[in-house]
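Listed next: structures, encoded as structure tokens.
First chain A sits with chain B, and in the next complex the same chain sits with chain C.
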Partner chain A sequence: MLYNKYLKMHIKSSLEYKANTIFLATAQVLVFVAEILGVWMLFERFDTVAGWGFYDSLLMVGIVMTTFAFTECFARGYDEFPNLIKSGSLDRLLVRPVNIYYQLFGAKIEFSKFFRIILGIVISIIAIININADWNALKIIVLIATYMCGCVVIFSLMLIAAGISVYTIENLEFVNIITNGSKELAYYPLNIYNKWLTRLFTFVIPVACFNYLPLSYIIGVGNIPLWLCAISPFLGILFIIPCLIFFNISLKRYQGTGT
Partner chain B sequence: MTKIIEFKDICKEFKIPEKRKGKWSTFLNFFKRKYRIINALQNVSFSIDEGDIVGYIGPNGAGKSTTIKIMSGILTPTKGECIINGYTPWKNRKEYVKNIGVVFGQRSQLWWDVPIVDSFELLKDIYKIKDSDYKETLDLLNKALNLDELLSRPLRQLSLGQKMKCELAASLLHRPKILFLDEPTIGLDAVTKLAVRDFIKYINKVWHTTIILTTHDMNDIEALTNKIILIGKGKILYNGSFDTIKNKYANEKIIQVEFAKAYENISLNGYELISHDKNVAVFKTLENTEFHTKSFINDISKNYDIIDFSVNSLSVDEILARLYKEYELQEK
Partner chain C sequence: MKNTYVSIFKMQFKGELQYRAKAISGIATQFFWGIMYIYLYMAFMSSDTIDGFTITQMASYIWLGQAFFALRYPGMHKDAGYEITNGNICYKFTRPINLYNQWYTEYLGEKLASTLLRFLPIIIISILLPTKYSLSMPANFTAFILFLISLIIGGLLCVAISMYSVYLTFITLSPKGTTTIVATIANLLGGAIIPIPLMPTSIQSILNFLPFRYISDLPFRIYIGNIGISDGLVQIAISIVWLIIIIVSGKLLIKNALKKTIIQGG
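What follows is the complex of A and B.
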């Protein structure tokens, strides 16, 4: 398969820069320790925050970390889309007889994020064992859907950022605020924040769909109907549809204007 | 001869955001931009026969790259029709690009950090080339370009000339019917330039590949092709054989004369003095006059004591400069 070839090429490339990859991975471990310490210190002072306990929040950290790292690792080509335009690499992709979406997945794979995926999974497992939930098959399905929803929503945000870059060429900071901002916020169950912030990250950008909504269902708390919480990750996945349409329009526009 | 490329009334407009000046310019630009329309191509029509090598020339900013991008399916024109190899490039992109190869002189398609041969193998998968075909093609390219020792090295270790050889090979692995070369000899040394030219001719001969190249090096044109398309300010100015243009300026001669001593003022009836430094002067024949050696010597030795002189025709570069000037393409 073509993707395996891309994967092999990227592994070979990163092996050329072993020291660099190791430094990057080390830096990410340090960031990880700081992040976990932050959550831990908060719950050291207050046993619960808005009804959520330490392990509930830890599960949020696990989900965010795993899904962000996974998407940043494997969809790096979309993340780097502005650079592909600037360097002319996009033109290169367009003269190849392969679907452009496929090629963008192959364009860049960021292995330094691999560590974070593993750390995210470890954190998730610790949290899952310790949270107060009666596990059953349905809950496991919702949990898996939550992780999928996370990857899809983050990928959708990348599509929006990539699409905008066609119009501006520059990498706009406010797009980073949305992606990184939602990452920081999602370390805690979102409903602990201000009402408007919660609504923004539920209805406009469906971060809540891989955050406190499915968690409410799994633990069985909260005042939102549980069935709604259960299907929330599936609804969140639908966010990709408008984002794909937007990206597609932008790509067409790129072919109309060039640079 | 069958026509493989047909361009009909292709127009391409670009909207360029206009910068405001003044204190609040950045702020205002963010909200409302003014646009200026640039006509990169205006009713460009031409056709190219299968198996031809065509030089696509013009000064910087004439619309060469835009044309190449439209022909390779990257850009969609504002207006017009274009049929290449039976396809409209921007409509059936995936099908169409299987049969073309593109080399952008200053951007690589090879991977920076992995051996060249790995990049080639990736292209083999991208174009779904059969094992046997791939081997045969690589063998042929290898022989023609001497790639042997380069293949195991990563791109970053190669010189500019070696890179260009690998780029050419990479764009030909799938044996395209049409090859677009955007400034293939830019920055190359003399020996590599010759090798690249020979290779282009060779590929054209063995595979009957149609080749369109843009270049600023007129020696490329002279060595490779007899057909040129001259574009300027988005319009086709000339489409035909290069010899016709060369013959047009064949009568013009440059005469350099060396005198026995330094003269203050030099002038000669029927010739234009181009430069004069101590005892060396350079003349040019006037338009529509033929040069006769005998009458020139007679005329000049009447008033001056000459030691030596040489007569030269215009170089290809000078012809092109003249052509640009004639069409008022030169930036002032």
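What follows is the complex of A and C.
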């Protein structure tokens, strides 16, 4: 299969610079450890925020970390789409007789993110053991869906950024605000922020669907109907539909940059 | 000799001023993060004060941090890391110039220019916000003067700490990884990730013995009046001692690293 070949190629190339890959990965892990320490310090000082405790927040950190790292690792081609346009490499991909989506998944696989995926899973497990929840089969399904929803929403954001870059050529900073902003916002339950910020990240960009909504259901807090919280990750996944349509339209409009 | 560094500084300064579009989007980003952090900490600080640190003071602390973001973030000059890894550093050896001083002034120029481009719009917008979220006036006039002095020392300290990244790049040969590590440590211990007044008290007392909080925590807290005038003066003196220690040790380390540098041709 073609994807296996891509996979092998990227593993080989990252092993060429083994020390560098490991060093960069360690640096990234350190950044996350510092951020977790930040979350811990706030809860150490203030105990709870709007009824949520440290481990509730830690599970959100785990979800964000795992899903972001996973998506950035395997969908790096979409993340770096603006660079592909700028350098003209996109033209090369478009003339090949293979589906463009497929090729973009193989265009780049970033293994230095691998440590972060593992760290995210470890953090999630620590949090899951410590939170106050009566687990049952349904809750486990919702939790798994939450992780899937996270990956899909982040991937959708990459699609939007990629689609916009067809028109602007440049990678726009405000797109980074949305992706990185939602990342850091989602370390904490989104409903502690001001109303318009919460609404923006619930109804426009469904970050809440892998944040406080499903966790309200699992832990059993908050005043939103629990059935709605339970299906929220499934609703969040639908976000990909408009994003895919937008990306497709943009790709059809693509004319090349002449490089 | 003095003139050399002045012109290096000017060159960097002018170069950085070219990137106005980058600055505008940078300002928008800083602004968004500022608002986000204020909402976040407001949610945690459900009562209005915590050990004398009020919500208004917290908002001012955040806005100053956003306005002087470039001055408080220890990175590395874009050329320095590149020269070390690709070997172009050998050309620098042929020049009668102290490399530490050159890298230091280059990076200071870059930082100062990017600060000057960004800080004013953020300050103006944040003053105009509703009182609860706004940047308030300095505690008093003396505090403002001390704020300026400690901010300058903080900027110099930040560049001095950045020079450790340059030194470590000689060993790791990965400028990106090295700066990430140094910046993360400095940010965490200097109160750029979580403001120091919001940290657990036991951790605050440990951080008092480290140099990182003199980069931005001290000037900001003098500005908002969280640290008084006499206490502020003592701490400014301590920060000067730290600045000297870090510059002198950095100079020695880089001198040592340069002695061991081998250019492998190519």
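By our rule, the second predicted complex is superposed on the first by the 254 of 259 C-alpha atoms of A that agree within 3 Å, B and C clash if a C-alpha of one lies under 4 Å from a C-alpha of the other, contacts with A are read in each partner's own complex, and residues count from 1 in each chain.
One rule holds in what follows: a residue touches a chain if its C-beta (ideal position, glycine included) is under 8 Å from a C-beta of that chain, and two chains touch if they have at least 3 such contacts.
Owing to the predicted nature of the structure, the values given are computational and were not obtained by experimental measurement.
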Between chain B (first) and chain C (second), which, if any, makes contact with A:Gly88: first, second, both or neither? first
In the overlaid three-chain picture, which partner chain does A:Ile241 touch, first (chain B) or second (chain C), both, or neither? neither
Touching partner for A:Val29 - first (chain B), second (chain C), both, neither: neither
Touching partner for A:Pro97 - first (chain B), second (chain C), both, neither: first
Who contacts more of chain A, chain B or chain C? C
May I ask you to decide whether A:Ile118 touches chain B, chain C, both, or neither, giving the answer as first, second, both or neither? neither
In the overlay, answer first, second, both or neither for which of chain B and chain C A:Ile249 touches. neither
Mind working out whether A:Glu184 is in touch with chain B, chain C, both or neither, as first, second, both or neither? second
Chain A residues contacted in one complex by chain B, in the other by chain C: none
Chain A partner contacts - residues on chain B that touch it in the complex: 14-15, 66, 69, 72-76, 90, 93-95, 97-98, 100, 102, 104, 107, 109, 111-114, 118-119, 121-122, 125-127, 154
So in the complex, the part of chain A that touches chain C is made up of which residues? 20, 23-24, 26-28, 30-31, 34-35, 37-38, 41-42, 44-46, 49-50, 172-174, 176-177, 181, 184-185, 188, 192-194, 197
If you look only at chain C, which of its residues touch chain A in the complex? 22, 25-26, 28-29, 32-33, 35-36, 39-40, 43-46, 50, 172-174, 176-178, 180-181, 184-185, 187-188, 193-194, 198-200, 203
Interface with chain B, chain A side, in the complex: residues 2, 5-6, 8-9, 12-13, 16-17, 87-89, 91-92, 94-99, 252, 255-258
